[in-house]
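Quick one: structure below, then a few questions.
Labels run A, B and C following the written order; every chain starts at residue 1.
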Amino acid sequence: MSTNKGIRIEGLKKRYGSGDTAVDALKGVTMQVDPGEVVGLVGPSGSGKSTLLKCLGAVIDPTAGRMVLGDEVIYDDGWKVRDLRALRRDRIGFVFQAPYLIPFLDVTDNVALLPMLAGMPNAEARARALELLTALDVQHRAKAMPSQLSGGEQQRVAIARGLVNHPPVILADEPTAPLDSQRAMAVIRILNDMAKKYQTAIIVVTHDEKIIPTFKRIYHIRDGVTHEEAGEGRGFD
Amino acid sequence: MTFSAMNRRTLLLLAVLVPILILLGYVALRSGPLAPVPVTTTKVESRALQPALFGIGTVQARYTYSIGPTVAGRVLRLNVHVGDQVKAGQLLGEMDPVDLGQRQSGLDAAMRSAQAQLQQAQAQRDFAASQAERYDQLLAVHGTSKEVADVKRQELRVADTALAAARDALKRAQADAQGVGAQRGNLKLIAPADGLITARDADPGTTVVAGAPVIEMIDPNSLWIDTRFDQLSASSLAAGEAARIVLRSRSGQTLPGSVLRVEPLADAVTEETLAKVRFAQVPKPLPPLGELAEVTVSLPALPARPTLPNASLQHVDGKLGVWRIHADKLEFVPVKVLGSDLEGHVQVDGVKAGERVVVYSQRSLRAGSRFSIVDRIPGVTP
Amino acid sequence: MISLAGRDILHAWGKFVFTGIGLGLLIGVTLTMAGVYRGMIDDAMVLLDNSGADLWVVQKDTQGPYAESSSLYDDTWRGIAAMPGVASAANVTYLTMQVRAVNRSQQRDVRAMVVGVSADGPGTAGWPPYLVAGRQITRSHYEAVADIASGFRLGDTLQIRRNRYTVVGLTRRMVSSNGDPMVFIPLKDAQQAQFLKDNEAILQQRRRTAENPAFNRPGVPGLLDAVIASQSSNNYVNAVLVRIKPGTTANEVAEPIRRWKRLTVFTRAQMEDILVNKLIATAAKQIGMFMVILAMVSAAIVAFIIYTLTMDKIREIAVLKLIGTRNRTIAAMIMQQALALGLIGFAVGKITATFAAPIFPKYVLLLPGDSLKGLAAVIVICALASLIAIRMALKVDPAEAIGG
């Protein structure tokens, strides 16, 4: 793994369509998230949140700008890495609004799948998955199928999956939306713990009022432009 | 619980898939060309054989009589009907004499007239004889002239001739009358022997040509079966051999009989040998003539030799033989058939008593065929 | 790496197995269809095998005795037997007709091919080459050996035209090219059966003859009987079966017979050509069409099932793609599932076809080679059918997983 310097975005632009119907979803986003830091990305619907997340997740192509992951420039008016899939697999973790666990794999294999896809032997991958599940306190459900888990358990497994390859950055898309405030707080706590533990930069996209106060730093996005502001950082130090 | 969830699925899946796989394996090995051929076997036995010959024939009568008029005429009356038993000499019927009676009266009159003429000629001759004698004596004493005596002698000779002619005329008239009488006798239809009336070909009033039968009769004691045997196996057929006769109408009943003679002429077209088979005792009621009969002739017994069922005989590569089981392998042994009976046993040369041969098989066998010995070929109901 | 396809099948095994069984029944029907076709060819082949002949001598310019009617005088064989290279010659008649068993409480009426075999004993050409029960015919009249498919049993009394026959033996797989079971009876009986239809017909014919003044002349008393006798005898047979001597070829024996006897002679190869290419060609095409349709239906079903199964997983596939699963891993997963479905289907189909085959009234012959071809076809069809689903899965945008 490359030296972990978090993720830095400079002047990222995204234009959908062309000519008269062109829409500028992102008009120059600049962000910096350090390792071990959990940052909130907040904005109303249509503000470009999702577009930004997709650009960061390397599933859509930005129009212009620069992205640096760790100390590697991955985008500079064009992708600088050839295998975006490997990039996503190895260096970006995803946590979604819904857990999106693979229903036909048990909890361990759901988590172990990523390292396996990267070519890690099954046993080693499972061991690593179990380690994360233990860290997330769901090791007792390691052999269960996703459908047998509660919502919170599923989300924790999803977080474990996002963390399993020790990526420098984790993109969390509304991770607390379906949870009540107690569970939502628990998830945020986990994310904070994990960020520290694995020195991961975590970007949490949310409009959940309950958790916004927990971020130390928040990027507001409106009309394709981000504004950084300090958060309350309540509950975590 | 979480542990077993996965296992239960695996087990259920296996529970479905394993039987399918087992069945698939069974199906692949146990059906189709790879499967062994079920066969049944038997041990070759040494035993004597009672061969027999089977033929069919029709009931016929040895003596049949067709009775009819010798001249064309009309049937006057018939005394008998089909099925009647008649005795020899019995009057069966008569033809219409038409004018025979009148002709006979005429002939009788002619005969009487000839008789009278004969008597007259006799009288004339007697007179001529006495005259001739008298004049001869007179001539001896020269009482008359020689000329007169010669005349008298000549008169005698004339009278002699006339007498002979009158005698012949009477004979002719008698013969004529007798002839007509015989003709009248021929108008009677007389039974030539004891027998059974089998047909009435014409009824009274019918005109028949000379020689056409009016009544047909048979001698019921002379019934026999005109039997046809296939030439292939008829070589040992001989007169005197015992036979069993089954009439078509009495299929449950076997009648004893014997071969009366084998016909010297065979049927070249149908390749059959003909023989006459006699009933030991003519069955009562009489079987109808022309009825079909099955005849089984017992041929001389064959000595004990290796015997097997004829179902064992197979034809392979131009040879007749049997499949012998030797050291759990099939091998084809050519055999020669020495004799067979009607129950399906054949005596053969080529295998020894005690050897095991295939009787039935589910398919044609080949050397090296996989086979399994069974009691009964599958699908055959006992 | 774990098998995603295997895990998915394990997860939804019920759906899989039952779909597989359903597909299997369809494949079973297809295999059975192929079996019916093979059975038809086999019927023709066993017909030729069981006759035991190397050459078939038939009426000139006919394709008899199976595909066309043919009649020869029944003494023709003698001349043929004397031809060079002929080991044996035997008369035979074939007549397809209804045969009734009259001794049973409910009379069975079976369509059968009545074969008249010459009286030369077991092993002669035309005789049933093997039996499964009873014995061969020993009497020259009124005995019969029946194919077991006719349903007749040993000891049954059969009514064939005017005469009754006792079943003395049973054989198996002796069928006409139409698949009708054979009943073997002695040749002379068969000749009669071919000609003497029933008592009423004979009576009518006799009456007609008697009414013809040319035959019923008062001055010639025996003429009518002679005419009737000649009318009611049949000295025709349908073919002469010839076996050739070892060391001669069929063609070199056949040629002189064709040339000097002015008869048509078929060799085994020509007979196969007649039976397979001419007699069952249309039926074979029909079955071929059915198999194509069934294959298409099977393909459509596999495609549809795999498509549906993939559609159900579209979100998981998006997630898998988002987290970096390679396209070929996903494609392999779908294709493996399709193949697994195909294999289950094939296994079920093969089993079904094998167990169903004996139930069919006509012979169904399942050849291992055909099964292997069927397996290959199933695999190809499943692979092709999965392509649609794979194409769709690859088009899934991983971005769909983000932000709903």
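In this text, a contact is a pair of C-beta atoms (placed from the backbone, for glycine too) under 8 Å apart; a residue touches a chain by one contact, two chains touch by 3 or more.
From a predicted model like this one, the values you see are computed outputs, not experimental measurements.
Just count the C-beta contacts per chain pair and the biggest one is B-C. Chain centroids computed from C-alpha atoms place C closest to the centre of all protein C-alpha atoms shown. Centres computed as Cα averages put chain B at a distance of 47 Å from chain C. Chain centres here are Cα averages; for chain A and chain B they lie 114 Å apart. Measuring from the averaged C-alpha position of chain A to that of chain C gives a distance of 69 Å.
Annotation for chain C: residues 10-11 touch two or more other chains. Touching two or more other chains at once are residues 145 of chain A. With touch defined as above, residues shared between interfaces to two or more other chains in chain B number as follows: 6.
Touching chain B in their complex are the following residues of chain C: 9-11, 13, 17, 49, 52, 74-75, 87, 119-125, 127, 129-136, 138-142, 148, 153, 168-170, 172-173, 188, 218-219, 221, 235, 243, 245-246, 344, 347-348, 350-351, 354-355, 357, 366-368, 371. By the touch rule above, chain B contacts chain C in their complex via residues 6, 9-10, 12-13, 16-17, 20-21, 23-24, 27-28, 31-34, 54-56, 209, 212, 229-230, 232-233, 269-270, 294, 309-311, 313-315, 317-318, 320, 337, 340-344, 346, 359-365, 376-377, 379-381. Those residues of chain C that touch chain A in the complex are listed here as 1-2, 4, 7-8, 10-12, 315-316, 319-326, 329, 397-399, 401-404.
Taken in their complex, chain A has these residues touching chain C: 49-50, 53-54, 57, 59-60, 85-90, 94, 96-97, 100, 102-105, 109, 113-114, 116-119, 122, 145, 161, 171, 173.
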